Structures are given as structure tokens and as C-alpha cells.
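One structure coming up, written as C-alpha cells, with questions to follow.
Each chain gets a letter, A, B, C and D, in the order it is written, and its residues are counted from 1.
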């Protein structure tokens, strides 16, 4: 089940140490402006090696579009785009042939699939998320044409026990990207960097959370009952490896949830932009919790993994949200309801 | 999109004030023992009016099986089951013809669908969840035949700021059902009842959380990438109206998530029974957060709604989990992997 | 897999000798005028016992709408409609408990499903097609609102070796329905009746063909590659029990197919209204071939089956075509292509 | 809708004059022996330029596997394979920028999609079928492991008015491939070649039919109601561009269909291996009719198209049948029916 979506559909393929990874978007309407550079720019935001706080692996991650685009506009046919694996260094992994990595899903995968590529995580590798970023870039290109008012911004809201305190309304991607932590709160960014570096040196790792805010969603977006906006967002974010929780609502939802209904419902942002499973016209607000990555063993071996994957996961989650929105927009287009 | 699942598929239909609600299960194998009484017993667990702390509406909720069962065993054909609405009392709702209920999704639904049944929530009503319970009862009948070791138990773990402290391992459905709160912690059950009754009298409502634990899942259950066990659980639980968050992991996950990776990963239950998106053989542990229901206005009018829906939501969430498991078991059956 | 369609989706259920048969249409837009009488009228066209040439079974086939319609307009929610089985006469079938009916699929079904309802064909019974007629009636209600220019007409074009010779352009449903054979050619209708009656008396049966013509399809209807108009029509018609062949093109296609391309392509009607898998704006023309039904044994036993099912199959095939068109229209709505 | 199948799913992409065409197979079990050479051999059977009677285009059509295979065995992950377009010669097509090719779907496609690649047929090109052959080769690799008794053989049974008369039972792929016409009847092969060459010289084209026979299908294969074996075969074959009809049954079905039921049903091969929509254990027999291709204009321009595409279409149809079978086998695996 490597396909997501009903009409705007992403299919992903590729193992971390295979020939290439890639994505097919089937269902992007024709005539959407789309260039290789647009997709590449999205991939560059996810790319490792952007700063001292991420993995040292220098992945080229150059995308090639194989189909679905002609004269820089989509054809309405499937858009295939691939990234070849150039830095496989599989010799690093020879020792893994006979042993599964502790804390990884290797053993579970082997039990299920019997035959697996011992050189890395295969499809459970974080590298698989680049396929989602490709899909998200195409979804955003489509939304930019038909729903330019939709704005999706994600940011790191917690690392370890360090929590951002910033009003979500004003955050922009440019502001988020200006710091390697992708934390939206300028007051704690530097401390966040220090902690991540300290964890890296200590061979340790850190979890936390990412907040996502979407403005401009059309009222009513979402498909009852099992295609509710919040259900699909939950599936999409929950499909990302390290995500261990998804909550809809304001940034302080988890504290407010224990409050009596009278207080809770007195603030309209408590709905997180969703009522009855459908977008209610207010900004959508969602948070994904991340567990600390299980990369300890590798780190000790000269490690090429991130002590804190959240800065790089921000564009991945934004991509997942954009994919869900694009799919629901097409479904909304499909049904001409009348009174 | 009123269908959930790939092979074991639930389709639900019915409005809260229409003729009937019902479910189709398409994909249940033939030969599974199934009776009307089995489904009815599941519905009775969800039924309102079971105690002083739930709504006073006395819904009969008698299920009728229309197809798919012969001589008390499934035929492998679609199983249709319906519940007729007997207590419509639509005169209560006449005043709603021209006004949407505050805090409800009425306005959003009207904006999207233009034409709606003003007599109630329609498909956004909590009453829709009885369709899920029907589906879940059939899923459990199938699992009881082919995977009898699978045990799914849910319980109320928080109401307002009152939090249960109980080791999940020993909780059983019988123990949970013996108290109207469906709280697993005997030490706080009575206080929980009192608070719910107090909220009811005050015209207020309470949120909280439900914990679900599943033992006996086969190792490897789940379909990468977008059909991961945790992604589908998130979609299934997130599709329930009042659910505002889903987290996988131990009961104290939200506190532990800020801990360094070394500490976090030292406890295997931190994985919540899922690695790489697949069941890892340990008990699966998941929590759903509920916002307090928006029933204040109705209460003042002589109210027939629950101040705290979680006790009744326990069998609904168990049903959703069982449906996801049954679907993934069939998918696992389908693919004969070899080394 | 009892569901057809991507957006306008029909799910059917019910065995020939169970409690009820029925259909869910999920995906009909809100605001479509729809009454019980509209669906009933469609069912009445398919009903047996309409004349001497069909089975003597007097099936009441009264439809009840359970959901999805309010004040005679669709709600945009799933429309459930059922027909209860009133004339089960299962005592007729007791002798079948230990023997499969020759020429029927009983043995194959038993081999696959192990447990089956011996009282009749179950889901392989022709009675299952009433579910399709319900779905088709709803599809036509939708098309009548949004694409009133679409006209779907089917007629019996061959019975045994008696072949109709009539230009398709002028045929109307009213004209077809005025004769029990539903043959569009007045010149052979009476002879056709005589042959069907003769077969009935002889305990024999007759095959032949049905032609369907659809005017008014929007140019471009269809979804490449596997959702091409002709591929989906083939699946939809091929899913009807007795259909043994589907061809697209003019009524004399099978003779013309052997002609050189220059001659063939000189007549635009050779395309049957489809090019590149998409509707090309010309009337769509398709034919379904039927094998003679395997009802010989039953006939000898006092028979309640049709010697020639095609007159009653006309509304079934029209329904299947309308369902495919409605689904493709919604998909066409979904994708806003631009230059 | 460029995806076919429920569990063994083919997604195709690529335009005739784009960078590459390719396929993703998602759902092939792990551990299936699969090499690049196996897929290449299948593509070579479809490749043009194999003899004087096909197009002169020398397409290299070298396949590259990008994912899903490790150490010559499938991983259970999506298998992506591509073929780069090397012989684009787009200068030939510059004149087409402002004119649609007569007899082609260019105008219909443009009306639907607004933006199209004028350099060729894009997705309506016969070149798209190579993606299906890739998928079929993988399906056959899977079937060879788990159901080695399944044998799928197709052959040209008619060209123009020249009709093969050969008992289907003994035909093998080796025998079919030994002649450029892929006609199974040695008595007419040479005459068939002559007619195709004559058509080529005359700038004309020829239609006809292909027969396919499948032995060894497990009893009960197929998913009622809309996933019946014959419904899915019809969709799969009907999705191939030039196919204008599909019939199930013996080679002389079209003549026999007019016979009375008593005679018809006296021969068990009349069922074409399918009863109640499911495989009945007898060899499955199906025929696809082809209209003559609309390549006249191009021929006059120095033509690179086939006067008769059926010899090359044989492996394409075999691939489609194998894909349907593989998908249905996985579905059959999924459902453990018991008495």
C-alpha cells in the first residue's frame, strides 16, 4: 500500500540503498506550471548536511522528471520523478548482513518479508521521505494555481523539554527556514541548537514536536466519514516513521483538553479549524509528536544519522499536509452539491 | 467516502433522524460464526441510557441482519445490518430548521452540502458511531475464528483533569464494563462519576482520553508505507467525531517524549507495539484524546446529550481498532512472502 | 468486491433467498431530486412476470429508501435502499441441499466459499441485478440534473438467430418498452415473442444480444489508462452474469471489423463514440452478447425462470452504463485542466 | 486512473515522446525470483522492428529496474522499472504542433486536457503498452513461483477476413513466436504475412482478433460481483487502445451464441472456463477484437507505424491477463473461507 489519496494520488518507491527512489503523482490536473527546479527546491529543504546539527551525509538528491510535464506545465498524465542514490557506501553496512540494528525495525521487517536488503532501512529508512517531498511539491504547485490563498507552514515547536512559545498566526516559511533548527521561536533557537549538538556529541538523540498551520482552506473541505480532514491528516502524518502522536487544535490543546466544555468551546480556535471533520474556515492547526530517533548504535560507529530529525522533518510534514489538501480539493470539485 | 478498509471493508449509511442507520461489511470470509445476538450485544455496550451519567435517550437500537449470514455463519458475501430509528422525536428539532446549533458542525455541513436534514446532526451525529460498532462486532467475530489470541481492550483513562493510574497489562473488558465510567482505575471511578454528574447538572461537559491495548497481534502486521498499522489506527480513530488526538506508546508517552533517546529506547514498551509501522509482537498501546462535547445549548433545553461521551465511546474505538486489524490480517494473508 | 466506481460508488448486497437485497450509492451529490417512486419505476421495468414471455415469479420488489434522501432530495450522504424478499418459497429448493444445479455456478461457488445458501443462486442469482437497477436509477437522477442531454437507450437486438435491423439513432425507451420483447425492430417483434414462447414450452432457452446507445456524452469523458470509458463499460457489462461478450462500435461492427482500415475509418460511427478511450462527442454505441440461460432443469420442475432473459436485462444494462457515466462525470468535474 | 488492480497493482507512466516510460508494481510478494533479463525478454517480444511486417522504428526499449529487487529476488516493496525514449525524432512531429492527426484521439485528448504534447500520441500511443508488458512480466514471475501450472498463451486468430482454424488446446508460446504473424494456424500464416505486407505497401491497415487461452487457473478465482474474472478481463483488455470487443467462450462462440440453450450448454467449453464469474477449473478462453489502426496518414509520410498491430499486441494482451490473474490470486489468498 504505497499509494496515498483518492484522486490526487502519490505512489512512492525505492529503497535507501537501491538504485533510485521516486514518486508518481497520478491525478494532477493539466496545465499546472511545474519545473524540475521547483521540486528540487523542495528536496533541498529536506536534504541532510545543511548544517552542523544534521547528519553529515552529503546526499546529492538531484531529481529528474521522467513524465507528465511538457513545456514546464503538467499534462494531466502521471508525473514520475526520481532521485538516484549516489552515495551508497554499502561497505559500511556489510557488518549488518547478519545482525539487525537495535532499535530499528529491521527484525520486524525481516520477520514479515523474509527477504530484505541488509544494507540499510530499505523502505523504513528516513530517506524514503524524499518521495513524499516530491509529491508535496507537486501538490503545492497545483494548489498555487487553483487555491493560492492556501498557506501551509510547519515549524519545530519542541525539542527535548525545550518548548517554543510563539503565536502561530504570524509564522512564515521564510522565517522558519532562516534557522537550522526550524524552530519558530527566536528566543530558544540558539539553546535548541546547543542541545542538539550536545546530544550529537554524547551519542544521544532528541524527540519533540512539529506544529503545522494551514490558512485559507475552503469551508467544508473533507469527506465524511472516513475521509474527514482530520482522519486523513492523521493517517498522512502517522505514516511518517518517527511520528508517535497527532493532535488537532491549538498549540496548548493538551493542557486545555482537561478544561470543562464551557471554557473549552468559548474559544473558537479550540476546533483547530475543523468541525464535523470538515474545514470550518478558520486556520487549521495540527501538531505531530516525534520520539527520539534510534540512532545511538550508528552514532558510536562514526554515525551518519541525525540526533534530532525534526528540523528536516518539517518539509516532510508540510508535504504530507499539502498532499491531503490537494486530494480533498479535487474531491470537493467533483461533487456539485445544491440546495 | 463512507467506506473504510481495503479487503475487510466497512461502508456505513444513515442519518440520525432518518429511517435507519446501517453497515455493510464486504470482505468477511465465509464460515465465520455470526449471530444477530453477537452484534446486538456489541450495540448494547454503546447504547445510551445505561446509567445516570449518560444521555437519557432510550434508543432501542435493535439490529437486523439483511444479508451475508446463513445458518448462523457468514457466506463470504456482503453482510448488511441495519438499526431503525424509532425515537425520532423530530418535533424537538423543529426550532432548528432555521438556526444551526452553536458548537456543532451544522453550519459547516450546510455550507458544503447546501441541503441538510435540520432535525439533527445527520451524519455528524454521534449516533453514526453505531454503524462502526456493527462493523467492529463482525471484525471481532472474524478475528475470534482466525486469531483468537488477539485481545482488544479499551478504557477511559482521563476525565477532565482526573487521570487513571493503572498498569495496562491486566485490564479486561469485563473489568472495564463493571463500572458506568468504563474507567480502569478502581481508585478514581467513583470520583469520576461524581464529576460527570456534577457537569451534567451544571450544563457543562468534560473531555479526557481513552486508552486501548491490543495483545496478540501477529508480528509484521501493517502495510508500508501509507497502510502502516499506526497510520491506519490514526485514520480510524481520527474519524470519530470527538477525537482530537491520537498517540501511540505507553500511557506516560507524552511525559517521556521529552526524554533523551538513550533513556527512551531503553524501555521496549516505548514503541507501543509498533516498529517501522508494523506490529512488533509486543502489545499495541494507543491513546485517543477527546475534547469536551459541545452540548451546552441542548442541555439547557432539557438536553438529551451526554456530558461526557467517553464511557460510551470505548466500544466505538475498540470497534475501529478491530476493523483495522481485520483488514490488515486479510492483507497479510494475501501476500506469501518468502526468503 | 461488491463495490463499483471511484466517486459515484455502488455497493450491493443480498442473496436471492435471504432477508433482503439492496444497494448503497455513496457519492451522489446533494440536492438531486429523488423519490421512492423514481427508483420503483426503474425496478418495475426489470420485474419478472410482466408478460407471458418472462418467468411466472411474481416478485413484489417494493423498494424502501433508508437513508440519504430528505424532503425528496439527496443529502450528499450514502443512499441506502432495500427490497425485501417476500416470495422465498424455499421449500421448492430443499431438494437442492445436497445437489448443485447443473449448468449453474453452484459447484464453483461452493468450492470457493465452502459455505453457501443452497436455496438458490445467492449472489449469482439474476435477482442480484435489481441492486444494480436501484443504483442506475439514482445515477440517472443525478445525470438528469447535471447532464440532461445524456440519453441512454438499450434494446434487444438479437434473439437466437433472429436479428434486428433498425437504425440506432431514433430508438427511444418508450418505443422499446411498448413490446414485451424490448426489441427495437417492429418487423420481428412478434416472431421473437413466438420463438421465446416456443422455447419456454420446449424447456429450452435462447441467447442473443442487447444494443445500447448513449447520446449527449461530454467530449473527453473517461479516465486514461485503466479507467477508459470503454474499459469501464466492459467491466460493468461483463459483471452481469449472462453477458458473454462486449463490443464497441456500430451495430454491424463484427462484420466490418474485417474490412481494410481505409474503409473502416471512412465512417466516423466506426469509433462507437470513443477515441483514445474517451468519449468523442458522437453517440456511444455498445453491444452485449448473452448466452442462453442454463435453466433447463428448473423448467422441467415447474420452472420459474426465463427462457430468454434479455428483455428484462435491458434496464439492467442501461443501469450499468448510467453508473459508469455518472462516476466518470464526477471524475471529470474533479480535474480542472487548463491549457 | 493509471493504476490497475487491488493488491497486485500496476501503475504506469510516460508519454511516447517524453523522457521515459515505466511501471510500478506494488504488491508483488517478497522472494519472487526476478531479473532485468526476464523483463527485457518480455519487452523484446513486443518490440517493433522484429520483422518486415511491423513498423520500422528501431526502439531500443532497454529496461532498467530502479527498486524492489535485491539479489535477483523481489523485496515485497514497489518494483519500479523504466524504459528511456531514445529515438524521439521529434522533428518529424513539428508539423503536428498545429494539426491533430486524423483518425487519432488527438482532438479528443486536447478537448479534455487542454495542454498536450503535440509530438505524438502521449499516453494514447501504442508505446504506452510497453508499461503493461513490464507489469505482466512481473506478474508472470510471481505466478511462476506460486502457481506454476498457470499457462497463458495468446495468438492472432484473425487478420482481415482471414481466420485461423486451430484447436486452442495445443497452442504454445514457442509455436506462436516462431512466425512473425503470431498466428497459431500454420496453414494461413504465409498468406497472412502477404496480406499485411500488401496493406503496408497500399498505405492501408488491417484489424482482426487475438485469442487467449489460460490453463491451470484455480477453481473459484474471481471476486463477485464487480471483480468477476470476466469483468476484470474485460476491463483489462478493453483498456488496450485498439481493442474494440471482448468475448469469453470457445473460438466459435459468436456463431454458437444463436443456438438454443440445450445445445449450447451441452458442451462444457461453452462456459469459456468461467461460471458465476469465477474460474471453473476448465481452461479460460477469451477473444479480443481489434479494429484496423488509423495510421494511414503517417504511412504516406514515410510511416513508422504498423499496418497490423496484432502480432505485437499478443504479448500485451497476455500481460493484461497475467496482471488480472495475479491480482485475483492474491485476493483469493486473502480470504480464508471455511464451511
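Some notes on this structure:
In this section, a contact is a pair of C-beta atoms (placed from the backbone, for glycine too) under 8 Å apart; a residue touches a chain by one contact, two chains touch by 3 or more.
Every value quoted in this text rests on a predicted model; they were computed, and no experiment measured them.
Separation of chain B from chain C in touch steps, taking the shortest path, is 1. Note that among the pairs A-C, A-D or C-D, A-D reproduces the B-C interface, with over half of its contact pairs the same by residue number. Here B-D and A-B were compared by C-beta pairs in contact; the pair with more is A-B.
Chain centre most remote from that of chain C: A (centre = mean of CA atoms). Annotation: 27 Å between the Cα-based centres of chain A and chain B.
Once the centre of each chain is set as its mean CA position, chain B and chain D turn out to be 46 Å apart.
Of all residues in chain B, those touching 2 or more other chains are 1-3, 6, 12, 30-31, 76-77, 112-115, 123, 224, 331, 337-339, listed in ascending order.
Interchain contacts join each chain to each other chain, per the touch definition above. Contact residues of chain C toward chain B in the complex are 1-3, 9, 11-15, 18-22, 24, 26, 30-31, 64-68, 70, 73-80, 82, 112-117, 122-123.
Per the touch definition, chain B reaches chain D in the complex via residues 6-7, 27, 29-32, 76-77, 145-146, 224, 330-331, 333-339.
Residues 1-4, 6, 12, 103-105, 107-109, 111-115, 121, 123-124, 128, 158, 160-161, 199, 203-209, 219-220, 223-228, 230-239, 241, 243-249, 253-254, 257-262, 264-265, 270, 272, 275-281, 289-296, 307, 331-332, 337-339 of chain B are the ones touching chain A in the complex.
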